Structure formats: C-alpha cells, structure tokens
C-alpha cells in the first residue's frame, strides 16, 4: 500500500545532553519515526540544518518494505554526529512515499517529558 | 456531516510496559482517537507495522455514525496483541471519512507524560 | 488577512476531573485555541461527539475580527456542560476562515503534563 | 531546496511567567522553530493576536539561506514585548517557503513539560 509523501521536514530539533537515567529507553533522545508501508524499499536521505553553519549530511538510511524505523537522531554518526544542546532542523527525502513523525523524550529533570508531531509533508 | 479522510497513518508507536499506577486511566497506553461525524457506520481496518517482521492485522473495528472511539492499542487482541516496549507504526483504512488523532499517556516514571498529534491523512 | 479553513475537527477529547491545584491556570483543562486573523467576526458552531450517545450542541461562540479565543471545553455550559473523565471529539464550523489548535493541561498527578496539536482542517 | 509554505499560523500561545529554574534552557518559554532550507534569505514578518486588543507587530526577523532559527517569543522586543500569562496566537508571513513548528517548555512546576505541533500552513 502506498501511504505518504516523498519530502518531509521537522523544524524543531534539540537533543538535551542531560538525562535522569542511563536506561537507553529513558535517555533524552529525539526520534524520527519513519513508516514505509509500501512494497518497495525506501532510500531516505536526511539533511540537518543549523543556526550558524552549513547543513550536515547527507545521512542515508534504508527502510525495508512494510517496515517502520524509529530513528534516533542521537545515533546518527556518518558523516558526523548531531551535537547535543544545539538547535537544528531536519529534512527527509525518499524515493518512495513514507510517513514521518517527530518525537522527543526529555529526561533532563527527574521525570520524563514527551512531545510529538506529524512532520511537514510535501512532494 | 462528512468530516475527514479514508486513509490515516501514525508513524510513532510504542506502549511502555511500565506504569506508576494500576488505575486504568493512568496505566501507560497509546490511543488512536477516531471520530466518525458522518451518518453512516465506519468500518475501520488497522494494520500494524514493525521494525523486523511482517505487519500484523488486519484488526477490524466499527465506529457507529456520529460517535467517537478512543481505541487503546493496548486493548487490541485479534488477530494478536501489540507487544509492549516495541516500536511500531499503524495505518487506518475506513470506508467513510473519519478523523484520527494519536495520543500516548506514559506513566513509566512517577508522573505522567503526554504526547498527541493529528495523524497523517490521505485519500 | 484571511488565514485558515472553515471546518475543523479534534478527534481527541478528555477532561480529567482531578487536579493538583485550585489555581485556574493549573486546573486540568482542554482548550481549543481559535485564531480569527481576518477582518470579519467569526461565528463558530461546535458539536461534541461521544462514545455512546448522540452529539451535544450546537455550542455557539463568536471570535471578533483580529482576535484569538482560547476556549476551555471546561467552560462550555450551553446547551449542556462537557462531562469529566469522558472520551469525546469535537467539530468546529465557522462562517469565515479560522485556525484551531488543541491543547490539554493535565494536572492529575503532582506535576503538569501538556499535549498539543493542530486540529484537522477541511473546507 | 525549496521546502515549505509562505504563510503559517499558530493558534496556541502562552508564556508562563513562572519557572522552576534560572537556567535559560529550562526557563518557561514558547518557541517558533523556523526552517529555511532554501538558497535565498527568508524575510519573516510576525503578527501577534490577542483576546481583547488589536494585534501587535509586525515583528521582523531574517533567517539566512540553509539555516534554522528557533525563535523564542520570550525574546521578541520590537515593537513591543509579548506579555506573560496571556493568551495569544501568531501568524508568520515569509517571502520564500519556510517550515514552522511550535513548541512550549513549561517549567512552572518542579518538572518540565513539553508540547509541540507543526503549525498551520497555507499559501
């Protein structure tokens, strides 16, 4: 089934460096949840935009057919890691339709806090 | 009144296994709020996508005319339950226009945390 | 300036009866933030949908030209109040373009938790 | 790359005056995250709408080509500051396509709480 669009943008981006936990599930993180409900592999190219320098990337990931990928920005390493405590935005370009949702789990304080939104779709 | 679309997707999905409470209202849960504002019954088919296995479903629910259904993914059982602590995405197909919004109440820590977003609409 | 659409829907709706505070700002509440950026008064009709009964309404509000209205569902009284601890959805119909965003402040536990999303737009 | 739209609206707006911290990162704030992924500078005009007075603005900001700007409403000063503990809405007009996402960090209570949503896009 074809669901989604080929170009997505998330204007908010910020990975807090602090966490109240060392449990991977509860470490402060930002996620781009990417659904590829179609029958063809999705090749996704991610570009990261900053306040005061040229963009980073392209980061490349593959989401297999009929699979989801909850990508942590914290885990991006190639061509470079995403700095902590730093404002950024991200753009996703895919060769097949996908759906992208943005989530942050913030555990800087003793409790966790969550935000989530569908990303901006185009194309 | 006809409000909504016939195809919806939620890319984020994760039911925490832990909860600070045994009160049903405060147990960690994910919900798809489905509004059928029209005058015909809505037959909704849900498919769940995972990281590393084929999709689960179809799950089938009926939302009567002029009614809302706040469906907890935790409660889905047929053809199979949704595993806890596991990344997933979901797609909703209906035979009449509906509106879908995604919400998580997370009570892993002592306090609750909430996220919500309108789902991605198409069709 | 004309900004927005004339038909909006919020599929999620739930006013917790409990609150950690008696301060109006911190009492658990659900809000529909309605922006009328245009130069004509907006007449907005709200219908509330439930799980197991016919819809309530119409509730009628007026948003003056070039004004915002952060409407608390808690405050709706005519033709009937919104029950607490009860799942609902809402539909907004206006005679001029408006923008609607949904927010809940939940203070059932000792701390507050927030959710927000743009509503579904049509028309 | 051209990503986005030229007209955006955020119906929700509220800067709590209280904060549990004096750390800038944890002071209660509202942010409009603005992505300009294009190759031309974006000139953005912001208008703030209130409940009971004429709108404030225009506030003018520039987002350079291929940059993000996480604008805190708290920091707006010219032509006037945004009052605290006051309901407002905002409209963004740009001369090139941009993407706008709304986020609040609320630290009135001992812990932080977050909300975020893509803004309403048009034009």
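Think of it as A, B, C and D in the order they're written, each chain with its own count starting at 1.
To be clear about the criterion, a contact is a pair of C-beta atoms (placed from the backbone, for glycine too) under 8 Å apart; a residue touches a chain by one contact, two chains touch by 3 or more.
All values reported here derive from a predicted model rather than from experimental measurement.
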item: Between chain C and its twin chain D, rotation from the CA superposition, multiple of 5 degrees; value: 90
item: Copies chain D and chain A - interface residue numbers shared by over half, same or different; value: different
item: Whole-Å separation of chain centres (CA-atom averages), chain B against chain C; value: 21
item: Separation of mean Cα positions, chain C and chain A [Å, integer]; value: 30
item: Chain C residues counted as touching two or more neighbouring chains; value: 110-111, 113-118
item: Residues of chain B that touch chain C when the two form their complex; value: 1, 3-4, 25-26, 31, 33-35, 37, 66-70, 99-101, 103, 110-118, 121
item: Chain C partner contacts - residues on chain D that touch it in the complex; value: 7, 9-14, 16, 47, 49-52, 54-55, 85, 87-89, 91, 102, 104, 106, 108-111, 113-120, 122
